[in-house]
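As written, the chains take the letters A, B, C, D, E and F, and residue 1 is the first residue of each chain.
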Amino acid sequence: MVQMAELDWMTYQSRVNTKGCLIFLPVGALEQHGPHMSMNPDVLIPQAIADAVTDRLDNAMVAPPIAYGYKSQQQSGGGNHMPGTTSLDGHTLSCTIRDIIRELVRHGVRRIVLMNGHYENSMFIVEGVDLAIRDSHHNGVEDLNIMILSYWDFVGDDTIKRLYPEGFTGWDLEHGGVMETSLMMHLYPDLVDISKIIDHEPAEFPPYDMFPVDPSLTPASGTLSSAKNATPEKGEILMKVCVTGITDAVRKKFSSIPIISDPAR
Amino acid sequence: MVQMAELDWMTYQSRVNTKGCLIFLPVGALEQHGPHMSMNPDVLIPQAIADAVTDRLDNAMVAPPIAYGYKSQQQSGGGNHMPGTTSLDGHTLSCTIRDIIRELVRHGVRRIVLMNGHYENSMFIVEGVDLAIRDSHHNGVEDLNIMILSYWDFVGDDTIKRLYPEGFTGWDLEHGGVMETSLMMHLYPDLVDISKIIDHEPAEFPPYDMFPVDPSLTPASGTLSSAKNATPEKGEILMKVCVTGITDAVRKKFSSIPIISDPAR
Amino acid sequence: MVQMAELDWMTYQSRVNTKGCLIFLPVGALEQHGPHMSMNPDVLIPQAIADAVTDRLDNAMVAPPIAYGYKSQQQSGGGNHMPGTTSLDGHTLSCTIRDIIRELVRHGVRRIVLMNGHYENSMFIVEGVDLAIRDSHHNGVEDLNIMILSYWDFVGDDTIKRLYPEGFTGWDLEHGGVMETSLMMHLYPDLVDISKIIDHEPAEFPPYDMFPVDPSLTPASGTLSSAKNATPEKGEILMKVCVTGITDAVRKKFSSIPIISDPAR
Amino acid sequence: MVQMAELDWMTYQSRVNTKGCLIFLPVGALEQHGPHMSMNPDVLIPQAIADAVTDRLDNAMVAPPIAYGYKSQQQSGGGNHMPGTTSLDGHTLSCTIRDIIRELVRHGVRRIVLMNGHYENSMFIVEGVDLAIRDSHHNGVEDLNIMILSYWDFVGDDTIKRLYPEGFTGWDLEHGGVMETSLMMHLYPDLVDISKIIDHEPAEFPPYDMFPVDPSLTPASGTLSSAKNATPEKGEILMKVCVTGITDAVRKKFSSIPIISDPAR
Amino acid sequence: MVQMAELDWMTYQSRVNTKGCLIFLPVGALEQHGPHMSMNPDVLIPQAIADAVTDRLDNAMVAPPIAYGYKSQQQSGGGNHMPGTTSLDGHTLSCTIRDIIRELVRHGVRRIVLMNGHYENSMFIVEGVDLAIRDSHHNGVEDLNIMILSYWDFVGDDTIKRLYPEGFTGWDLEHGGVMETSLMMHLYPDLVDISKIIDHEPAEFPPYDMFPVDPSLTPASGTLSSAKNATPEKGEILMKVCVTGITDAVRKKFSSIPIISDPAR
Amino acid sequence: MVQMAELDWMTYQSRVNTKGCLIFLPVGALEQHGPHMSMNPDVLIPQAIADAVTDRLDNAMVAPPIAYGYKSQQQSGGGNHMPGTTSLDGHTLSCTIRDIIRELVRHGVRRIVLMNGHYENSMFIVEGVDLAIRDSHHNGVEDLNIMILSYWDFVGDDTIKRLYPEGFTGWDLEHGGVMETSLMMHLYPDLVDISKIIDHEPAEFPPYDMFPVDPSLTPASGTLSSAKNATPEKGEILMKVCVTGITDAVRKKFSSIPIISDPAR
């Protein structure tokens, strides 16, 4: 695994100028995830996955993650009224992504993977990427290719059945639940205290959102489903599934994109 | 049904000052929906639903819809590279929503329903609402309540089973498919030409997005699933389900919110 | 008359690719216009004119109007403190126009007419157009031509003498007066209730503006001159004059602009 | 006449804390005005008027003028394609005005006159003022009163008849014509070279605008009407009319506005 | 040392509600620092200092650092044309800081220390803080106190004489030089490779800056002075001086600021 | 000395089209400078220097100065809480600079010197210049060269020793002190009243900044060091040193930059 930030610039430059160079940019959040877990799983998990995928690729690097994300929504993260959750305005997040991509393109990078770990970020990442591609067209760069993914989209139905024998309530309600807790138990056991897990029924939400949020709809724990059934073994399985799936997707997708000889401007 | 724009201002003011006043703001898009349909279902459908719900409520009005929405995404709308699709930057859409809410609040309105008809709008509506609520706090308005909903979230599993006996592929792939086409056949038959429906397998997408979009992943029709099985009868059912569900939700939610006597600033 | 939004995308694309394609974009407002009239004349009138002009041209279409405009000014619209008037910040409006033009240009459109129906919009339309042209230069598009017009500027002195035998007080004071009311009586008689017209002397304003507005300077009706003399016949005359004048202007101006073969980017 | 910038801060503070304190903020432009005149009349003239009005008031000061304005429009300034014309984006100008007002309010100033010298600035001044008032409401300041004026609006019909015996073509076409040239000959004779005046018929424009501008519609001189009949005597008359009118307006308007004891925040 | 992100939200909330709670927010950069060092010293060093200071205070926490900073300037960082350096627009950085502070204030935090590690960030941090304080005033929060510091400002003349017996060329030229390299050797020896240090005379710059940058003025190494004399011992001394100085400053300054009982809004 | 604003546009255009044309843009502030001096030294001094340098160059002009600058900081200007100090948000200032440069480039100017007179402006000027250069690249302009300087950086150690025989406390503390006061006594004696100079020890500040500012740290005078030793003779020396140094720098730097034949777009 290669952390871009841990390279000196000459080594970095040399890697960028080598065929196939690809950068992963993890995009996370600082968000409450229940009383049993730290507030950084949305950044630690995609970073860990990016690290592992990088190990499996020829010339990939991981850029420093974006540690603050878009505002937590009640039906997918408990809501942005919760203490600890620390979020950016949407335009701030989109501009951050646009700016970082602009700089990577200036270095000569043409292959970037935005690795999202926080559901609410998705559309603001899309907007940042769209603005960056618009800018790069203005600079005459036409061979920039950017992948956006959220790691849980690589967890297939088979794995879901295996991990949730009692039934799966959907990724939205997984906030602070089995998936994230298992991954954190596997990756950062010190940041999970299973004795503090609050077992509760999955949150139930109406088919709409109210603003300001009605706090009583969020379970008192801040989690949307119970992490009771989380285990490090499930975390290992999830990690393997995501790393394998993303590695394959990246390998396949980017090998099919022609590289234009295009010195960075 | 009461169109806010069709009232004279004195009548409008009087309605705003009457207990329980509520405004629906439809948020749509101008987006291709296949060769068999006009490009405005995302604005006409939520507007029609808002009109019908308004008929069932005591003192509700429909504001002029926002006719342009956020950029179409490939996996839910075919992609923003398609001809005809005409989209706003995310920040522009959020600011539009913030501004309109600010003005409604100035009039004295405290109950607003954002009725979304275009999947990609959701998070930018959320951001606009969040900015508007922040502003209204600065003005000392503390009793503003805003509901955000997308009409398809009111179509329950029973209805889905009834309408999709052959199986349901998810709302994302419904772009230009059975749901939207049926609703348009019911509401605006002149804007649908079923002879031009292109029957095709549902689009298949990988668990990630590429930018720029690979146009070959979007079916040539621009639709993501076939509208072949669309009928006006299904549209009528959908309409009834959405109107009933939204009416009930609005009635229940807003009756439970206390009205503070709060003259508009 | 061809509504862009009512076409399917393939038909739209085909029209865009046909010689001489031109798009009208009506820009209106949601603004009080006195107790005798709905709040949407600033959007309905330019839309109706655009529709009629489109009928007289070979390959023209009307895009969905922008339904919310810039803040009403006291001396031309009664002021933005009035209930019902629902306005955007200037930057929001300019960005909306910039974004829509950017998208039309992406489709391949090179001839656009901004049809304004709300006096206060003018400069923010200009700014949106200027930003859009700057962007399109960055994309290498050099043959984009945009016309901005306000329909009342096509009402010549002869017509004014005919319609205002008792004397004309200027377009500014026409807010909710004879011109707009006559046009609405001709076009949308159901949205005018002449029994509610409040007859009053034209508003008198000092040669400056105060902010916050002194509401006592705006007539209690919200109109700036009396609509008492409005008739549907005058509306028909105005409509004919505007449609003829604008048709001629568009025909003449755009036929003289060379079409560069320029595939949309 | 008291220039705010030429005071030391303690003297300034003392004046602000004295009853009736009022600040004039001239808003100008750097814009070509024909071959016979400098490019700064739009800032020098309102500044000179503000200076003279200040002499006639008890406790008024002139803030440093804003020297760059909004983009010149063809029908009122020749167009922003002209060399020398140096303009700001609309949002930049509005934000500049908002920021300056915010600071004056912080000092304790509650009476401000925006003295405009450039037609195209008007709406962006309005927007800046609106944003500043919104901000000041958020800070609990409710007694801020701002006047916006363009000096030529104080030139009445009598003066027009006297100065334009041959007929008046409207303020728009006065760009670089008799009014501005006469005022500059009176105020800054060194900045006018009457030998370079190009005598031409008033520009004729269609009732619409094209973007990009068709440069051939702007007279080769850059002026929109001939300055041939300009004289310093006319400038003196105009100056007197404007100074008297504005002094009277300010005296009357601001004496009627109650002063709330309101320490600056 | 307490990492805010590693706490669960209930523990965090409890700490925030406890007297004297203070948050450190490190603000760094991703910037080349010569061939002998990683590109993250500007974020790792302030983070390490914040961690150590936190250990010495009763109830302090460290928020996740901002990992991307403002554009590198030639005379203090080699210039933003260098490969690897990855920077944000100024407004993006200011908005990020404003947003994070807004959220901390929402949690109830009233004491924040912005710990800067990248010279070029300073003024954009100031702007972000100013905007955040303005916002918090609008929310009625009047007891927010924010300290901004750059750690090297705590290195006094005595230490400088001790560490630079051969003479000190100023903090600007210390980019990638003795100070940063020594600190990194002490804190993160694995991220320094002293064998790659390029020994060169301090960069010499004229008393002005050119844009675009003339790359030949930046030493080929990217460092502005030689790190040859860097040692981990010097790093330890620097660390001790900074940690002690900042601890004392924070203790003294914040103990003197009264705590208003002020529940977060 | 040639004031751009005092030229007619044809003369200006002719000068721009002549080899070597260069524009100085002074960037100042409206900021308290103690009880003994006006609030405009930060704009008058760089303007005077620009004027004098222009006299010594072949084809240089001075554009109208930007009269409002970034927020005064306590350790370099007393703080932005001071009465009289009237500042812009950072983004407003950067956009102003970006816009003016964009326009000069449109005219055909390729050599611009930003002459700063207010310490706090520096980084926002840098950002404005960076944004302008980015834009000009999008327009295909590749030969734009911009110098940014603050005049005091041209005062060398020899001059400092001569002017401050009693010892020099650094440029930061020179706010309203010997340098600025001497220059104003030399250039604008009427704007200085030496009888009001408050003699005090140099301000002492901790190595950090607090927001909101603790006003007690700013000397009651608003100056950061005493102007007691200011004389017009010192002002003359400073003026000579700056004018000579800047003239030489500009001559040398710009003669070495090749002129590409590049008609303005």
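Note that a residue touches a chain if its C-beta (ideal position, glycine included) is under 8 Å from a C-beta of that chain, and two chains touch if they have at least 3 such contacts.
Everything numeric in this text was worked out from a predicted model, so none of it was measured.
Asks: Taking touch as defined above, what minimum step count separates subunit C and subunit F?
Replies: Minimum step count, subunit C to subunit F: 1.
Asks: Spelling it out: a chain qualifies if it touches subunit C and also touches subunit D; which chains qualify?
Replies: Output, common partners of subunit C and subunit D: B, F.
Asks: Shared numbers divided by all numbers used: is that above or below half for subunit D and subunit F, i.e. same or different?
Replies: same
Asks: Matching C-D on over half of contact pairs, by residue number: which of E-F, C-F or B-E?
Replies: When the contact pairs of C-D are compared with those in E-F, C-F or B-E, E-F matches.
Asks: For the Cα fit of subunit C against subunit E, please give the angle of the superposing rotation, nearest 5 degrees.
Replies: Value: 180 degrees, nearest 5.
Asks: Measuring centre to centre with CA averages, how many angstrom lie between subunit A and subunit C?
Replies: 46
Asks: Find the geometric centre of each of subunit A and subunit B from their Cα atoms only, then give the gap between the two centres in Å, rounded to an integer.
Replies: Using C-alpha averages as centres, the distance is 28 Å.
Asks: Multi-chain contacts only, two chains or more: what residues does subunit C have there?
Replies: Within subunit C, the residues that touch at least two other chains are 89, 91, 138.
Asks: Going by the touch rule stated at the top, which chains touch which?
Replies: A-B, A-C, A-E, A-F, B-C, B-D, B-E, C-D, C-F, D-E, D-F, E-F
Asks: Touching subunit F in the complex: which residues of subunit C?
Replies: Answer in residue numbers: 137-138.
Asks: Any idea which subunit B residues touch subunit A in the complex?
Replies: Touch residues, subunit B against subunit A: 70-71, 73, 80, 89-91, 94, 120, 122-124, 126-127, 129-131, 133, 145-149, 153-154, 206-212, 245, 249, 253.
Asks: Note which residues of subunit C are touching subunit B in the complex, please.
Replies: Residues 4-13, 16, 30, 32-40, 43, 63-68, 82-89, 91-92, 95-96, 99-100, 103-104, 107-108, 191, 193, 196, 222 of subunit C touch subunit B in their complex.
Asks: Touching subunit F in the complex: which residues of subunit A?
Replies: 138-139, 265
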